[in-house]
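Note that chain A is present in both complexes that follow, paired respectively with chain B and with chain C.
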Partner chain A sequence: MQSTGLTIISALDALTGALFLLTALGVVGTRQVLASLQLFIVQSVLLAASALLLGIALGSPHLLAVAAITIATKTFLIPWVLRHTVSAEVYRTREIGRVLNVPASLLVAALLVVLAYAVAYPLVEAVPRPFTNINLPLGIAAIFLGAFTIVVRREAVPQLLGLLAVENGVFFAGIAIVPNLPVIAELAAAVDVPVIALVVGLLTRRIYTRLGTTSVGRLATLREH
Partner chain B sequence: MYDLAAVVLVPLFAGTLCWSPIGRRYAAPVTVLAAAFILIFAVRVASASALGERIDAMDGWLTCDGLGALILVLVALVGFSAAIFSWGYLGHHSARRQRVYYVLFNLFMMSMLTVPVMANVALMWIAVELTTLLSAFLVGYEDTPEALEAAWKYVILTTLGAVLALLGFLILYWGSQLAGYVPFTWMSLVQVAPQMPPALLLPAFLFVLVGFGTKVGLVPLHTWLPDAHSQAPAPICALLSGVETTTVLYVILRLFPIVGQAPGLDARPWFVGFGLLSVAIASLLLITVRDFKRLFAYSTVEHMGIILLAAGLGGAEAHLAATYQLTAHAIAKSFCFLAAGVVVMATRTQDMNSIRGLSRSSPLAALAIVGGAFVIAGAPPFAVFVAEFGILKAGLTQGQYLVMGLLALFIVIAFCAIMFHMTRMAFGAPEQTERRHRIPRLCRVALAVAAIPLVVIGLYVPSRLHDLLIIAASAMG
Partner chain C sequence: MLERILYNLLQVAIVVGFAPLAEGVTTRLKEILQSKRGPSIFQPYRDLWKLLHKDEVVSDYASWIFRTAPYVAFVAPVFVALLIPVLTRYPLEFAFMGDMLGGGFILALGGFFTTLAAVDTGNPYGPMGASRTRMVGFLAEPVFIVVFLTVSFVAGSTIPYIVQTHWSTPIANFFEPSHILLLIAFLMLILAEDGRIPVDNPSGLFELAMIDRSKGLEYSGRSAALIKWAGAMKFFVLITIFLNVLVTPWGLAATAAPIDVLVAIPCVLLKVFLFILVLVYIESSLAKLRLFRITEFLGAAFVISVVAMITRLSAI
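Moving on to the complex of A and B:
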């Protein structure tokens, strides 16, 4: 009975993980600024869902707290902060040029997912633990994809969302490998993420009012001649 | 112990005061006063640590050993001269802008002072993260397109690095928990390191090295550094280049004894490799720069590489040289950036090609920047030279002839590049004589204050400081 319950939860977690990876790929691929924000919110809900599933399976109240904190900060607070700092103009933007076109980006993204499995595999193998085999590689994949998003996107808000996707990836892996992280650390991290959004949001507004663009990828006056 | 708690609480209190309606009119003197108190408390903590004690405060939330105390003193020392300099530098700015500046200045100080004393490693990570977030608007303070571009790169890249490092720390915690429940502190991590599976420890180490290496400015993760360190106001540059990089490098150095204890793992090749690469690329880029603040920024990349390399050599002698170099760099580089600020005030440009004959048009500025450059480039008999000599000597005793030969070569290239640019700026006929700008008196005072430790540790190392350096070096295992 116990083991069937665990199998079902494992299957559900794997499903959540698959959807989590899809949202990370989506942030790499979308051209609309607003769509990447919506994808980020969906991704955060999936992170919370995974924390909830693991919390039930491992009987860890910490993870239930993580789920609650994630929902509160990432699906409510961050979109609220961004709406109040970044102007509506920015959300209506479509990216005109990217560093790499969409098909090529997705191809690189696929390779990054394979690489994530290669990185995570020795760790999963060294210390067998429930859910690590699902959450660790997918978390690392989201980290790589988020970092890749920052590299290929030129708009300010998608770059920020890439950064937040990396952060989501770290937590997606973290809930499986350290389900007993002290709550104080989780609380601090929960405060940290909206502050990142606030600082970067305010900076985006400053850049928009001062330079009339949020295409930060095109800013390149500072370099060696 | 109250001194340790005071070091963290004074800047927090000062920041709040600068923000409050009562204190905002006196934001500059409040900040200078706070910096003076921080320095007194930090020196008290350090002189207790120099005896080999570990100091705890706030029910064990804060803890400090020799290496932590060394970082505290350096941050406090640079913070004090930067606070005085800010007072003179921002004199003509509007009250509102000054208030924002001083609130962030104090909070930025607090975040840097928290890193070496936070007992819990996860909370220490938050403190590192805060150093970026609190200084972002200080980097972009000038509000020019260039400053905003620099601030953007700074925030995005260093935060990305910090988040990568967070995964490293989570894996580290995972490994430590396999050895039974232990608190997540540096001390217990060193204790349980031999029981941690190397398959976890190695990726954890690499995530932190790459993640925080971005914030330290290790090549090839350094691209944002010359931008941020050249666009920020001079006193902020002194903090960023002098101590913020050092504070984060301190975290990387903490990993050295942890990784060193695991069977079959060795941190040394990574430290030496990353260090040498940074020294090499930075010394070559030093030849091509045109902007003298970027020159000092690349010199920071070079010095971070030297310190990392020295730590990676291993052994008490090399580690002592590494802590000495860390101290010498923080003091000399912050002085260089304050001097650069004075030159910018005198000439209104950062372009080295358009400055000639500075020694005639503005003798004080010329003396400061050439003197600072002389020290930072590693001219004898000053501290940077003594430390670099110590590193080379330690390396040669270990038989690392190739690495030491390359290190010496790149140090010489960097020395020649810096001195070439500086002499061109300082001597020759001034191009225009009509434009002479006055340097505020407080900026001159700040330069004099920053010059005191520069000259003192250049000529002799006080015995208490020597004890502290030895204790600090022993923390690297």
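Moving on to the complex of A and C:
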């Protein structure tokens, strides 16, 4: 009985993991700034769902706290901060200047997922725990994809979302490895991350009002007149 | 033995008979969503009836390919309907003649002939649409292959009946990440293969923007009816594979009793109706992609299917 319940929970966790990876791929691939923000919100909801499932399965109240804090900060606070600090003009932009075109960057993203599995496999072998075989490789893949988002996109807001996706990936992997996370760590993240979002948002706002663009990639050619 | 053959033929009859209805319902729902009344859901049947009673005009420059293509296109989905589970959970008489790859090849053969026929006449729009269809086809092909590879890898077979039982027993299999990712990739494939909105506009009348529909422009009379009907059947067959093999492997007849098989018919039609609701929602909320953005759409489908395969490979 116990084992069938656990199988269903691990199946559901795998499902949220798959969708989590899909949203990470979406943040790499979408053109609209607003769409990538919405994908980030969905990704955070999935992270919270996975934490909830693991919390129920492992009987760990800390993970339930992680789920609650994730929902509060990443689906409400951060989007709200980003929407209010960065002007609406930025979210209306469609074609984001990218380093690689969409199909090429998606193919690189697929290779990164392969790499993530290759990296995670020995780790999973070394420390067999209930959910690490699902959460660890997917979390590492999300870390890689978030980092790749920062590399491949040139606008400030999607780059920030890439950074936040890395953060989500860290937590997605972390909740399986350390189910009894000290609450202080999670609280620190809950305060840190919105502050990062606020700072980058304000900075983007300044850049936008001064230059009329948020294309960070072009800042390399900035010169003093 | 005999009843298995009968059920198999019944499957074909359902695909042939209800395919225009599915198209009619799709059109009607789309019009309702646009605050219009829309044509009756039986309009495709009336169109077919009218076309079948009309004279046919064939270009002087057309060769035998032009004349035979409608028949090939019509027969291809009928053959595929023999191979796939439409009503029953257990394999029927002809189920082992071909697997999912075989079905894909047969459908591709129909598409190949209509493409050739479009190039065959002097109509300038035909070759343009044909080359565009090939472009979409080339991009969709790798996704198909990876999806089939993953499915066969997961279920240990490419016979649709065996694949279908694998997803539903035990139920935990249904929530496998690779399964969900495959569903998404396959849905994107159906949209591309059938010329649905993010890729092509099925109700558009502007020849220069057409991808799939411009292939049938030169046909009239009976051939036009066959081409239309074949298009509707291909759509129905793809939906049936998607629903009965991948998404909802429930509601099919488990025994050989005739009553079970008859009960399965409304179940299948209900599932198709629900899928059409989703499809209409997708089609009404998205805009058609520019031609060179289709690469991105199918590239995304390819990456999703590859990720499905990776998650599966490493799960063992």
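The working rule: the second predicted complex is superposed on the first by the 220 of 225 C-alpha atoms of A that agree within 3 Å, B and C clash if a C-alpha of one lies under 4 Å from a C-alpha of the other, contacts with A are read in each partner's own complex, and residues count from 1 in each chain.
Methods note: a residue touches a chain if its C-beta (ideal position, glycine included) is under 8 Å from a C-beta of that chain, and two chains touch if they have at least 3 such contacts.
Please read these numbers as outputs of a predicted model, since none were measured by experiment.
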item	value
Simultaneous placement of chain C and chain B on chain A, clash or fit	fit
Touching partner for A:29 - first (chain B), second (chain C), both, neither	second
Which superposed partner A:199 touches (first chain B, second chain C, both, neither)	first
First, second, both or neither for A:110, with chain B first and chain C second	second
Contacts of A:21 with chain B and chain C, given as first, second, both or neither	second
Greater chain A contact set [chain C / chain B]	B
Contacts of A:46 with chain B and chain C, given as first, second, both or neither	neither
Where the C-alpha centre of chain A sits as vertex, the angle toward chain B and chain C in the overlay (nearest 10 degrees)	150
Smallest distance from any CA atom of chain C to any CA atom of chain B, in Å, after fitting	18
On chain A, the residue positions that both chain B and chain C contact, one per complex	none
Chain A partner contacts - residues on chain B that touch it in the complex	120, 122-123, 126, 129-130, 133, 136-137, 140, 143, 145-146, 148-153, 155-156, 159-160, 163-164, 166-167, 170-171, 173-174, 177-178, 184, 197, 199-200, 203, 226-227, 230-231, 285, 288-290, 294
For the chain C and chain A complex, residues of the former touching the latter	170-178, 180-181, 184, 295-296, 299-300, 302-304, 306-307, 310-311, 313-315
Interface residues, chain A side, partner chain C - complex	7-8, 10-12, 14-15, 17-19, 21-22, 25, 29, 101-103, 106-107, 109-110, 113-114, 117, 121, 133-134, 137-138
Residues on chain A engaged by chain B in the complex (per definition of touch)	119, 122-123, 125-127, 139-140, 143, 147, 150, 156, 159-160, 163, 166-167, 170, 173-174, 177-178, 180-182, 184-185, 188-189, 192, 195-196, 199-200, 202-203, 206-207, 210-211, 216, 219-222, 224-225
